[in-house]
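Next come the structures, one after another.
Okay, so chain A shows up in both of these, paired with chain B first and chain C after.
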Partner chain A sequence: MTVKQLIDKVFLTEILKGMALTFKMMLSKPVTIQYPDEKRKIYPGFRGKHAFVRDAKTGRQKCIMCMKCVNICPSQCISLKKGRDENNKPFLERYDIEALRCIYCGYCVEVCPVCALVLTEDFGYCSYTKDAIFFDKDKMLKNWDEFVAKLSGDVYWNKFWRPDGVDIAKMPKSKREQAPVPIRPTAAVPSDTVPEKKPVNPAEKPPEPAAEVEEKPEEKKEVV
Partner chain B sequence: MLKKKELSINMGPQHPATHGVLRLVLELDGETVVKCTPHVGYLHRGTEKLGENRTYPMALPLTDRLDYVSSMSNNIGYCVAVERLLGIEAPARAKYIRTIMAELTRIANHIVWIATHALDIGAMTVFLYSMRDREWILDLYEMVCGARLTVTYPRIGGVRCDIDQEFMDSCYKFIEDFPKRIEEYETLIDQNRIWLQRTVGVGIISAADAINWGLTGPTLRGSGVAYDVRKAAPYDAYDQIDFEVPVGKNCDVYDRYRCRMDEFRQSISIIKQCLDKLPDGLVLASEAPPYDMPIGKPRVMPGHPMGEILPGELVEEKVPFDELYSATEVPKGELGFYFVNDGTARPYRMRIRAPSFVHASVLPKLCEGSLVADVIANIGTIDIVLGECDR
Partner chain C sequence: MDISSFYGFLGTDTTDFILRMIIMVAKIAVVIVIALLHVAYSTWFERKIIGHMQIRLGPMRVGYHGLLQPFADFVKLFFKEDIIPSSGDRSVFQLAPMIALFATISSLAVIPFFNDFVIAKNMNVGLLYLFAMSSLSAYGIILAGWSSNSKYAFLGGLRSSAQVISYEIALALSLVGIMVLSGSLNLVEIIEAQQKHWYGMYVVVQFPAYILFLICAFAETNRTPFDLPEAESELVAGYFVEYSGMRFSLFFMAEYIAMIIMSCIAVTCFWGGWTLPPVVMEALPFLAVVPGLVWFLLKVYCHLFLFYWVRATVPRFRYDHLMSLGWKVLIPLALANIVITSIVKFLF
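On to the complex of A and B.
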C-alpha cells in the first residue's frame, strides 16, 4: 500500500470528493421542468395527436380514400369507409382512428399521397372515457383547428410529408408539389358554412377529391 | 436431530431491483443462495409471431418495444437484417447517421444501466445525475424523428429523414460536454469504498464459462474476451471508424462496470468521427422497399416448414427464398434476427436472439453460493430489460 492509498483510506478522500460534488450540485440551477406550469420545447415533426389537414380551398379534409394508411398501419387502428352518393361518386363516409391502439409510428403521415394526415404536436389528451380518444373525421378536423390555433406563423409544414434526404422522384405528383399549408383563415371558408355531404341527403353533390394522384391506387379491402 | 431445510423465497416479479418483471425463486441457507431459478415470460407479447403476420416494413415498429431503453439500436439491428436478406445497401450518409444513432443509444442505455445499477446497490445520487443527461439524448432523438422513446427512425434501406444543422450542433455540444458528466459519475462511485466492497469479487464468471453460457456484449467483455460484433462482422459504418473494445480482466461486477464506463468514451469518439466524416447524399437507397411493400405469393406449401417448393410460375422474385441470421451489437450484447423466408414480404419465421434472455439464464451460475445482497448486484451487472427478454 503506497502512502497515497493510506492517506486516501484514512481521510475518506473519495467520499469527501463525492460530497463536494453533491454540494456543488445543490448550488447549481435545477434542471427539472415543473410540467403543467412550464413546458419543454417541442421539436418539429413531433408525433402526437392525430389530425386531418383542413384544406384552405374547400374547408374540408383532403382524403382521397386510397386506403394506403389503412393498409400500412402496423397496429391496424385506422378504419375507413368509402360511401357512394346518388351519382355513384365516392366520398369519405367514415374515417376512424382508435388513438388508444395507435403506436405513433407516423407511417400513415408518410404514405399519404395528398398529405391529408398529420400527427400534431399536442400530446396531453388523456381522458376518462374511451370515446374522447376515438377520433372520427369530424374530431380529426377539430384537432387540426385546435392545433393550428396554438401555432405561430402563417403556414404549417410537417417534415414527414416529404422527408429530407429521400429521393422525391418516386413520390406521387401531389406529394412532390405539396406546399406548406396555410393555417390562417383569411380566405378559407369556415367549416360550418360548408355542409358536409351525407348519403341520406340525395339532393347535394359529393365533395370532389382535392387532388388526384398520378397512378390511381388500386382499391383494396374496405375495413369497417 | 433437527432437520436442515432451505428457505424458499420469491424475488420479484414486483421488485424494483429486478429491472422489470423478472421473478427469481431463491432457496436460501441463511444468507447464502443455494439455488436460484429465474422465471421469465411476464412481459410476453408475442413479438416474433406478430412479426410473422406483418410485412417487413410494418414489423419495424415492433422492434422498438423489445428493449425500450435502446429502441434505436433494435431498429437498426432489424433494418440491417432485412437489408441483408433483400440484398439492399444503404447509402453512405444513412450508414453514418445510423452509426451516430446507435452510439447515442449505447450512451443512453448505459446511462440507464449505471443509474439503476447504482440505485440498486445503494448510490442514489448517480441516478439523479444520469437521468438529467439522458434527457439530452432523448431531445436529440426528438429532433430527428419526432419521438423520444419509440423512435422508428431507421428504415429498411436507410433512415426515414435527414438530420439537420440543429441536430449536428446539439450533438457536437453533447459530445464535448458528456466526458465531464462521466467524470461526475466516477467521482461518486468509482473509488467509493462501499461501491468497491459491493462489486469487487462479486459475480465472477470465467471467460470460458462466459462463452459457454452465450454471454455477449459488455457482460462478456468484462471477463476479458474481446468479442464485439462491430469488430467481428462490421455493419453500417463501423469498418471505417477507429475504436477500441474495452475489456476487463477480473471477471467480476466491478470490471463489467469499468467496461461500460470505458464504452461511454469510445462511443463519444465514434460519434465525433462520424460527425466529422459525414458524407453528403441521399439517406434512402433507391431500391428500398416502400412502406406498402407488396406481399407476394408464398413459395413453400403452407404447413410445411421449408418444405415443398411450389412450381416456378408462382414464384415472385420480390424477396429471396432464403434463411438468414444477422447479428448487430446493441448496448446489451449481440442482438440477432433470424428469418426464414418463403418468398413473400412476410417472414415465415422470425426469431429474435435477445441478449437479455441469454443473460437472464446465467443468473443461477452467478448467484449460487453468493449472498442475497449480491443477487441484486448480479441482476444489475448483466443489464437485462425484460421487454426484450420475454419478447
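On to the complex of A and C.
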C-alpha cells in the first residue's frame, strides 16, 4: 500500500469527492418539468392524436378509400367502409380509428397517397371513457380543427407525409406534389397560390425540384 | 402578591410541588410539540435536499414548494387501515412501535436547548442516560422484527440488534474523551466547560472523536450507509414491513427523532451547544443579541443536512464490512483517542 492509498483510506477521499459532487448537483438547476403547469417543447415529427386533414376546397377529408392505411396498420386499429350514394358514386361511409390500440408508428400517415391522415403533435387526450378515444371520421376532422387552432402560422406540414429514406420518385404524384396545408380560412381562399408558398418547416424539402424527380428514374434505369 | 396564598390550604410544599408539576408538564408539551414539528419538516427537508441532489425538485404540489406535504402524509397515514399479521404476536406487535418512539422521545429530556432550558435539570448522568435510551430504542426494532412473524422483518430486526450492539460501544467510547476533558456527564456542564477555552468547541481538540461519533451516529440511527436493518432493496423495508398506518408512522417518527437527538448530542458535546466560541463573541459582541436557541438549531440543522447529504451520496455497506469496521477500526480508534486525551489532560 502506497502512501497515497493510505491517505485515501484514512481521510475517505473518495467519499468526500462523491459528496462534493452531490453538493454541486444540489446547486444545479433541476431537470424536472412540472407537467400540467409546464409543458415540454414538442418537436416536429411527434406522433400524437389522429386527425383527418380538412381539405380547403371541399371542407371535408381527402380520403380516397384506397385501404392502404387499413392494410399497413400493424395493430389493425383502422377500419374503413366504402359506401355508394344514389348516383353510384363512392363515398367514405365509415372511418374509425381505435386510438387505444394504436401504437403510433405513423405507417398510415406515411403510406397515405393523398396525405389525408396525420398524427398531430397533440398528446394530452386521456379520458375516462373509451368512447372519447375512439375516433370516427367526424371526430378525426374535429381533432384537426382543434389542432390547427392552436398552431401559429398559415400552413402546416407533417414530415411523415414524405418519409425520409424513401425515394421521392417512387411516391405517388399526389404525394410528390403535396404542399404544406393551409390552415387558416383566410389563407385558404387563394388556393392557387398555395403550392408556390415556401414551407414553414425548414426540415421539409420544397416540392419544386421537378427536375430532380425526373432525373432519378433515369438513374434507376441505368442501374437496371 | 404571594402566589402561595391562593393555595394556602394545601400548604407551601404542596403548592410548590403542583406549580413545579405544571411548569414541567408545560415544558414537556412544548418540547414534544416542537420536536414533532421538526420531525414533520425534517422529512420535507430530506426529500427536498435529496431531490435537488438528484437534480429533481422534490415535493412541489402540496402548498408552496410542498410545505404542507408532511401534514398531507400524516393525514394519509392516520386514516390508513391498521393491519396486524394474524400469525404475529399481537401484543408485542402493538408494543414495539411505542417502545421505539418513547425511548427516543424521552432522550429529549436531558438536551439543553438554550440557556438552562432543560426538562430534567442537573441530571448528572445526562450522557449516560442518552446512551441508555438509544440502546432501548433498539428493543423496539428487535421486537417489531420478532413479532411480525415475517422473514424480512425478522432479518431486519436481527441485523439491527447486531449493529446497535457493535456501534453503541464505539459511540460511547468516542464521547469518553469529552467526559475526560469536561470532567462531567451533565450536558449543561459540558457546554460550560467548553466555554472556558478560547475556541469554545471540543470539535477543535477532539476532531477524530467527532468523526468517530458521526460514523457511529449514522449506524445507531440506521441511516445510510448503515441502513442494513431496513435495506429496501433486499429486505423490502426491514423490520417494519408488516406495519401500516399509525404504527408505521410511529417507527418513522422514532427514526427521525433519533436522528435529531444524535445531532443534538453532536452539537452539545462537540460544537458548544447554544453558545458561540468566546473568541467569536469578543470579536463580534453584537452577536450576543441573538438568542442561544438560534445557534443551537442552526447547528442541529447543519447536522441533519449532513445526514441527508450522506444518504444522497453513499451506497449501503456490506454486512461483514459493517461488522469489521465497527469492531476492528472504530473501537480501537476510540480507545486510542481516550488514551491520548487522558495523557494530554494529565500532562497539561
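What we mean here is this: the second predicted complex is superposed on the first by the 184 of 224 C-alpha atoms of A that agree within 3 Å, B and C clash if a C-alpha of one lies under 4 Å from a C-alpha of the other, contacts with A are read in each partner's own complex, and residues count from 1 in each chain.
As a convention for this text, a contact is a pair of C-beta atoms (placed from the backbone, for glycine too) under 8 Å apart; a residue touches a chain by one contact, two chains touch by 3 or more.
Owing to the predicted nature of the structure, the values given are computational and were not obtained by experimental measurement.
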item	value
Touched partner set for A:Lys82, first chain B, second chain C, both or neither	neither
Touching partner for A:Phe23 - first (chain B), second (chain C), both, neither	second
First, second, both or neither for A:Ile15, with chain B first and chain C second	both
Broader residue contact with chain A after superposition on the shared chain, chain B or chain C	B
Partner chain(s) touched by A:Gln34 [first = chain B, second = chain C, both, neither]	second
Partner chain(s) touched by A:Ile72 [first = chain B, second = chain C, both, neither]	first
Partner chain in contact with A:Lys142 - chain B first, chain C second, else both or neither	neither
Common interface positions of chain A, toward chain B and toward chain C	15, 18, 21-22, 25, 31
In the complex, chain A residues that touch chain C	15, 18-19, 21-23, 25-32, 34
Sites on chain C touched by chain A in the complex	49, 51-57, 60, 309-310, 312-314
Parts of chain A lying in touch with chain B, wherever the complex brings them together	8, 14-15, 17-18, 21-22, 25, 31, 42-47, 68, 71-72, 74, 103-107, 110-111, 119, 159-160, 163-167, 170
Chain B residues within the chain A interface of the complex	54, 57-62, 93, 125, 129, 132, 135, 139, 142-143, 145-147, 150, 152, 158-162, 164, 184, 187-193, 282-284, 286, 290-292
